[in-house]
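Once you've had a glance at the structure underneath, I'll fire off some questions.
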Amino acid sequence: MLTTKIDETPGLKPLLQLEGIKKYYPIKKGVFSRTVGHIKAVDGIDLDVYPGETVGLVGESGCGKSTLGRSILKLEDLTEGSVMFQGRNLAQLTQSQMRSMRSDLQMIFQDPYSSLNPRKRIVELLTEPLKVLSGLNDAEAVKRASELMEIVGLSPQSLGKYPHEFSGGQRQRIGIARAVGLRPRLIVCDEPVSALDVSIQAQILNLLKELQRSFRLTYLFIGHGLGSVKYMSDRIAVMYLGKIVELAPTKRLFAMPRHPYTNALLEAYPVPNPRLRYADRTVLTGDVPSPASPPAGCRFHTRCKVAQSICREREPMLTGGEHLVACHFPLAEETPQSMGGTACG
Amino acid sequence: MVNYIVRRIMIAIPVLLGVTFLNFILINLAPGDPVDMYVNPDVSEADKQVRREALGLNDPFMIRYVKWLANLVQGDLGHSFSSFQPVVQLIGERLMPTLILMGCAIAFGYLISIPIGIYCAVKANSKFDYFMSAGSFLGVSIPSFFLGLGLIYVFGVMVGILPTGGMNTVGGDGGFWDQALHLVLPTVTLGTSIAGGMVRYVRSSVLEVLNQDYLRTARAKGIREFFVVNKHALKNALIPVITIAGLDIPILIGGAVITESIFQWNGMGQLTIQAILSRDFPLLMGVNMLAALTVLAANLWSDVMYAVVDPRIKYS
Amino acid sequence: MSMDLQKEMTAPEVIPALLSPKGEVFESDSYAKMVASRFLKHKMAVAGLVSFVVLVLTGIFAPLIAPYDPNAIGGAFSAAPSAQHWLGTDQVGRDVLSRLIYATRVSLSVGVLAVAIYVIVGTIIGAVAGYLGGWVDMVINRVIDVVMSFPTLMVILVLVTVLGTGLSNIIIVLALLGWPPVARLVRGSVLSLRQTEFVKAGVALGLSTPRLIFGHILPNAMGPILVNATFGAAAAILSESSLSFLGMGVQPPTASWGNMLGAAQSITALTSQPWLWIPPGLVIIISVLSINFIGDGIRDAMDPKKLNV
Amino acid sequence: SKPKEASQASASQLTVGITNPPLMFNPIDSDGSGSSGAVFTYRYFFDSLVKTVGPLEYKMMLAESFKTSDNQTFSIAIHPKANWTDGKPVTAQDVEFTLNLIASPKTVTTQRSAIFALAGLNEKGMLPEGETKLSSVKVVDDKHLEIKTSKPVDPNLIYERFSDVLIVPKHILENVDPAQLNQQSFWRNPNVTSGAYKFVKYENKSYVELAANESYYRGAPKIQKVFIKIMPAANIVAQLQSGELDMNAAQGTGNIPASEWKTVKTFPNLRTEEQPTRRYNSVEINTERFPDKRVRQALAYAIDRKMIVDQLMPSAGELQNGPYSNSHPYHDKNVKSYGYEPEKAKQLLKEAGFDMNKTIELIVPTGDKTREMAGNIIQQNFQAIGLKVKQVNFDFPTTVSRLVKGDFDLALSSFGSIMDPDGPANVYRSTAALNDMRFKNKRVDELFNLGMNETDKEKRFTIYSELQNMIQEEVPLITIFSEYNLMAVAKSVDGKGGVMDGMHYDVNGWTRK
Amino acid sequence: MNHLLEVRHLKTSYRTEQGEVTPVDDVSFTLKEGETLCIVGESGCGKSVTSLSILRLLGRNGYMNNGSIVFQGKDLASLSDRELNAYRGKDIAMVFQDPMSSLNPVYTIGNQLTEPIRLHLRLGRKEAWNHAVRLLKEVGFPRAEGVMDQYPHTLSGGMKQRVMIAMALACNPKLLVADEPTTALDVTIQAQILDLMKKIRSEHGTAIMLITHDLGVVAEMADRVMVMYAGQVVEEAEVQELFDRPMHPYTAGLMQSIPHIEIEDEELQSIPGAVPSLRDMPQGCRYQARCPLAAERCMEAPPLKETGKGHMVRCWFAEEASA
């Protein structure tokens, strides 16, 4: 199993390269549908993902995580930037080339309830892409579908059922089976467990890990449950308002977050241990600014405790070696933050 | 909002132009000649020719259309072929009666269907609900010529308390009450068919809203069920209802032909049918253009009403 | 690359007996079967279905059931019901019962076929507009505007000349005039369904656009379409009779419920010849009611929200 | 409690029901006026010189006398007391103006045929190019004038034709461009008139209000107000019953449908009357498509006309044989009648070698319920002898355009005729405007010419007798039935009922209990 | 001991097309003034239905089958809807899970917020307005006046949830029932809301019944915790006690399946299987199908019994599980 230290493995080519990805949604008004502004859902992201690793993507709701994930799969048309997958620029592929490329590039959706067509039986849901993309005939496709069911821990007997006859966890397994069925190399997991029960979450996370091991999968793992992202990821990128503000190997990030936002995120995360209740933690005040008109300068300055005047004027770049951070005044590297610092009984 | 409306009107212009041209083609394609049909045995071919010339029917097709358009720009819709009055004036005379009848019919239809629809939804699947469902289908499926005639017979002839037709008492001074009395039967006839469909729409729309979380919030505040339904649910439920209403209006303005003729209510429907039956081209063009205008206006109206009822929708 | 992945994937043993050759029958019923069984639990819907089937059978077997030739003129005109003529005779001495039975063919085919055609056409157009968006949507919308603002009666008149009269042409006319609202409706549903996760998932899985529209989106937009269609059927049965006013309806002597009712439009018939209007009126209402109840039943049975209960 | 309207119906007012809304009140162009409804109405306030009051029976109106000694020159004296409602006298100049207006080639008019006999008109019946006045109309003085026909004519023909020439006020209309005549607002508010009643208003296009002309030259009307209400036929029945209407206008304008007649006759508040008309319904045959006389005869034998009359219009119509209606003074009682003989019909078809598999289209114009039902019966009758006949209903304009183009096999239609026997010439003459049948028969054309040039009544009768038998033998159209005028008048009203002919003559004498 | 709320043997059922279901079956608990009780359990276990039963907000087809709900000595279950309206929003207030859909989209915040104030406190239009503005300031809107005229869709999720809380606090309730008030929100916003609730608790002495399935939130907020599974209470204890010594195998499984951020990498343990459906509840212990300790005996329904000081468990093998 490949693990971290990507930079120490020179010569290994990234599986996925994101360069300057921007996705602006036009805000349209009236019948003329004139664009009166843009929601800058993703506003300039560079990220390399190497074969076999899991890159976690965290950030608060609406910061553009899903949009980024969808953009990689060309479910959204990019405003700017390029997605290189296996060394090919996806933007330059024809429709049919793209369609065949999809068997290497898959996605697991956030909501297991709405991502399965309620009027199709599982067998149809699983075999349809197999027939279309892998060109299998009916019998082969059904055979493959039942293998997949076993792989994700479901009985092939239930292939004839409808999505509503399954629990949320089982549905998410079906979604996973569907994505894995095409034998992809990269799977974008868009919050695959946040809609699920706590007791089921662990099942799914374990399944994903196991699949990664057996099929040498690469994951881009999106989530805002810090616990699960931490559990899954080798590296973690923290997003805020369409930008990556910090990118570091998992352990380092949790041990010493450098961006004030990362720090706030870690502090706000309620630790399931009553002994570790914060007496007086730093809760972020203010609301998330609108992505339609992100603040000038550093986007976080409106909520940042350490913001100075430069933060309002100049946008910080994402810099650093193994631990990248975009902040004019990053938290000192040596002061370990978080983790029950000021715990009380 | 004003901006939005102005832009909508701008976009309506090419649509209208298209409609008028297609109308012109249609009208000219329709069988029957406005002059030939004057089969007064005493009218000779030569006289028909005089009439053709006077009506401008001898010009080629495109010339006639361009002339018509040129006049339109100056606000002139031409003269009727049969009554020789300006089309604008003819339509003007008929518009008010139509609007009055439509207004009353819509008001009547909605006044009975909205409460019934709400109550059906609140008491969904009860006896009342089933009974009213059946009633609403009856309303939809009873032809208006039949309902109208029945009403005339019962209230005009047998009971004799309501006038059987016309817009006011012959020779009367046409006071408000007089006209109101004459409005009753046509309003009921037309309103019944409106109400029939509306009950269903209101019912399903309220039913949908009744499952919304914010109604539970309202109940949790201790608000009486009556207000929960009639304040919190109703306004939301009206949003889809407005769309339907928007679709209703043009149909009513152009299409209450039967009700109008049964009750001698001289509105647009009567005018339209007369124009068609006499192949009165200029009048038809005028009437059709008004119909197109109402469709576009009604679309705009429902969009604007949407924004009025639903603050989430904003036009700028 | 995918080749060696394939090898790695360990295929668990599949029990072939579980799968039918076509891989279709598993332990659960098919969707259609499930919808059917849910439909059958809907009392009103079943009642509607039964009466509708009775009407359809009446239409199909009209020659066997009808006691007389529906167009034959015999006996007294406008005669009250009697042993020979159970529902009396009409204004030109034809047997009302026989006409009513034969009229079932015309009225039901107008009510069902016209609506079926325009629902299909409207659905396809609306789906295309809603899914493709952009200029296609814009053009289709304007076309809908134009068609909706057409003077219905004029269109009908012109079509009469172009097409000639006849049952099939009535159906065509009603269909031509009926599709725009359906297209609007479908467009709206498709616009919102297009944003749903399962459609996005379909795109991610590489499914083609037509497959997505027709295989995934439309089946989920059926609810409102069905409601519209059931109302439309009632309207079509009635409009057929007003078309005959312009010489566009079914041509006499062929009977339809609408023209039977229309012919009875006089004070004399209203007050003293109820057999001329009660039977067709009643049958129209029964058919409208049954179509509506069937529609309600289908909608409820297909509603995915209700599937969860 | 009856509606207000009924209880208010005092002795001084009369309410008449009509079905066709007048568009305006222009007696020069009755088609532009929307025909019968307008004619019925403007007859109350525009008078003619003479008036037909019954078959070959004429009374003087605006003319005090209207005489000829040579059947060619007619001297007319205008009633000395005849005034316009604005006080100005009705003069010979008004008559001259009216005649010239009709004659002008620029005028859009339906009345040209009324003056066709006058000298000085070209073959189109118009003033020749360059002339402004008819030379045949000579004003003698304010109240006297002379008119001259191009050749001697039966004076009855002139009287009948001039019954339709309503005199319009010169001083109001003299500056009007004849081409713009129809657009005059005067026709919508005719406030200078000469008739028994004055126009008050046309309210909402739903009724016309008329008031008595107190200074009417033949005596002021006794009923103060007349209301002419427009409504569908079914409502006329309802309103007659409820008392909102005092009478219907009958004859096209305000007919009671034949199917309702029995019901109406039972209403206790009404007295009813059936009156024969000169209007009949027939099946037009396209002689180009059915050139064989035997086939046309077979079609005539196939129709059970008696059943149509007896069952469809019991006591509301009669059988019609030939081009002259039973009530027409020139009707030949012995004209050939086609009985219901289906076997003979089949026989004739066989003889003619008619292709029985050919589908024949029978066009029925919509709008007249009785006619539509007759169409059903006729179609069945044809079917019964083995013909394949498809009935198609068209609205009136469509029907007309098909007829004019000759694009039809068989078509139901109706024809009326003036009292003069020349009337049917505009149907049966080879070149006639209404000869949709494309019926071309030299002898028929000849007979029409002969009859036209003959002034002796007896001789004319013989000519027209031959003519109608000839036509009946050739059957270019199958005459079926003639509907009666069905008149209902409130018992409280004392006056002649609703026929158009003659009804307006004595309206000033009507009273009401 | 004077209990503010005492729920005894609550059983709530819904009539559905396929017959009756009973999502809450024999639930009992108490709540003291100023106390915070957290109810945890996975989705569908009956947490919301339990809370809705208190104010009888079950909707058209739900009804209370059995049990009593005694609030300040009065059995709410025996009151008519009219009488109950006097409690709703006044003594007992609720905050619901989804702030997005819990506010009426077509009325302004001010309109919705003044409603309970005018209804229960009988204030005039003006006073109610001022009161509402004060409340909004209290829940952290500096620009409260402006917010009053805004429509819900113009507010962010966190703002809406704070409005919901302000609305709940409008009449100084004795009991605040919060049904997953932060599930739809971000962790940073969640922290704000939780702080707000803590503040209210300390300032007004309001008792809070907090429903969640996030054990982190529980750890942060609760005095006492009640764990529900498949419509039943399976365990109830002081928060510290529960985290230290979970006795029911389900509680234990839950604790182990949470990915932690404060502890270093470890293999997650998951609970196999899925929650039984309401329509075919197993005989006996409802957890047996997923339970590692399941035995013959579990075919018999275990009672909820006290094992330690205030620690109640519904399991035959409670001691072993905690070991």
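The letters A, B, C, D and E name the chains in turn, as written, and every chain counts its residues from 1.
FYI, contacts are C-beta pairs under 8 Å (C-beta built on N, C-alpha and C of every residue); 3 or more make two chains touch, one makes a residue touch a chain.
Note that this is a predicted model, so its numbers are computed, not measured.
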item	value
Contacts common to chain B and chain D (chain labels)	C
Steps in the shortest chain-to-chain touch route ending at chain E and beginning at chain B	1
Higher-contact pair (C-beta pairs counted), C-D versus A-E	A-E
Distance between chain centroids, defined by C-alpha means - chain D, chain E (Å)	89
Chain centre separation in whole Å, for chain E relative to chain C (CA means)	48
CA centroid of chain B to CA centroid of chain C, Å	25
Sites on chain B at which at least two other chains make contact	31, 149, 153, 157, 276
Touching residues on chain A, where the partner in the complex is chain E	60-61, 167-170, 197-203, 205-206, 224-228, 230-231, 254, 264-278, 281, 283-285, 287-288, 339-340
Residues of chain B touching chain E in the complex	124, 210-214, 216-225, 232, 235-236, 309-312
Contact set on chain E toward chain B in their complex	52, 55, 57, 59-60, 81-82, 85-90, 93-94, 96, 98, 101-108, 115-116, 119-120, 151, 153, 164, 167
Chain C partner contacts - residues on chain D that touch it in the complex	234, 237-238, 241, 257, 259-260, 262-263, 307, 311-312, 364-366, 369, 372-373, 375-377, 379-380, 383, 390-395, 398
Residues of chain C touching chain D in the complex	71-73, 76-78, 91-93, 157, 160-161, 165, 244-247, 249, 251-253, 263, 265-269, 271-272
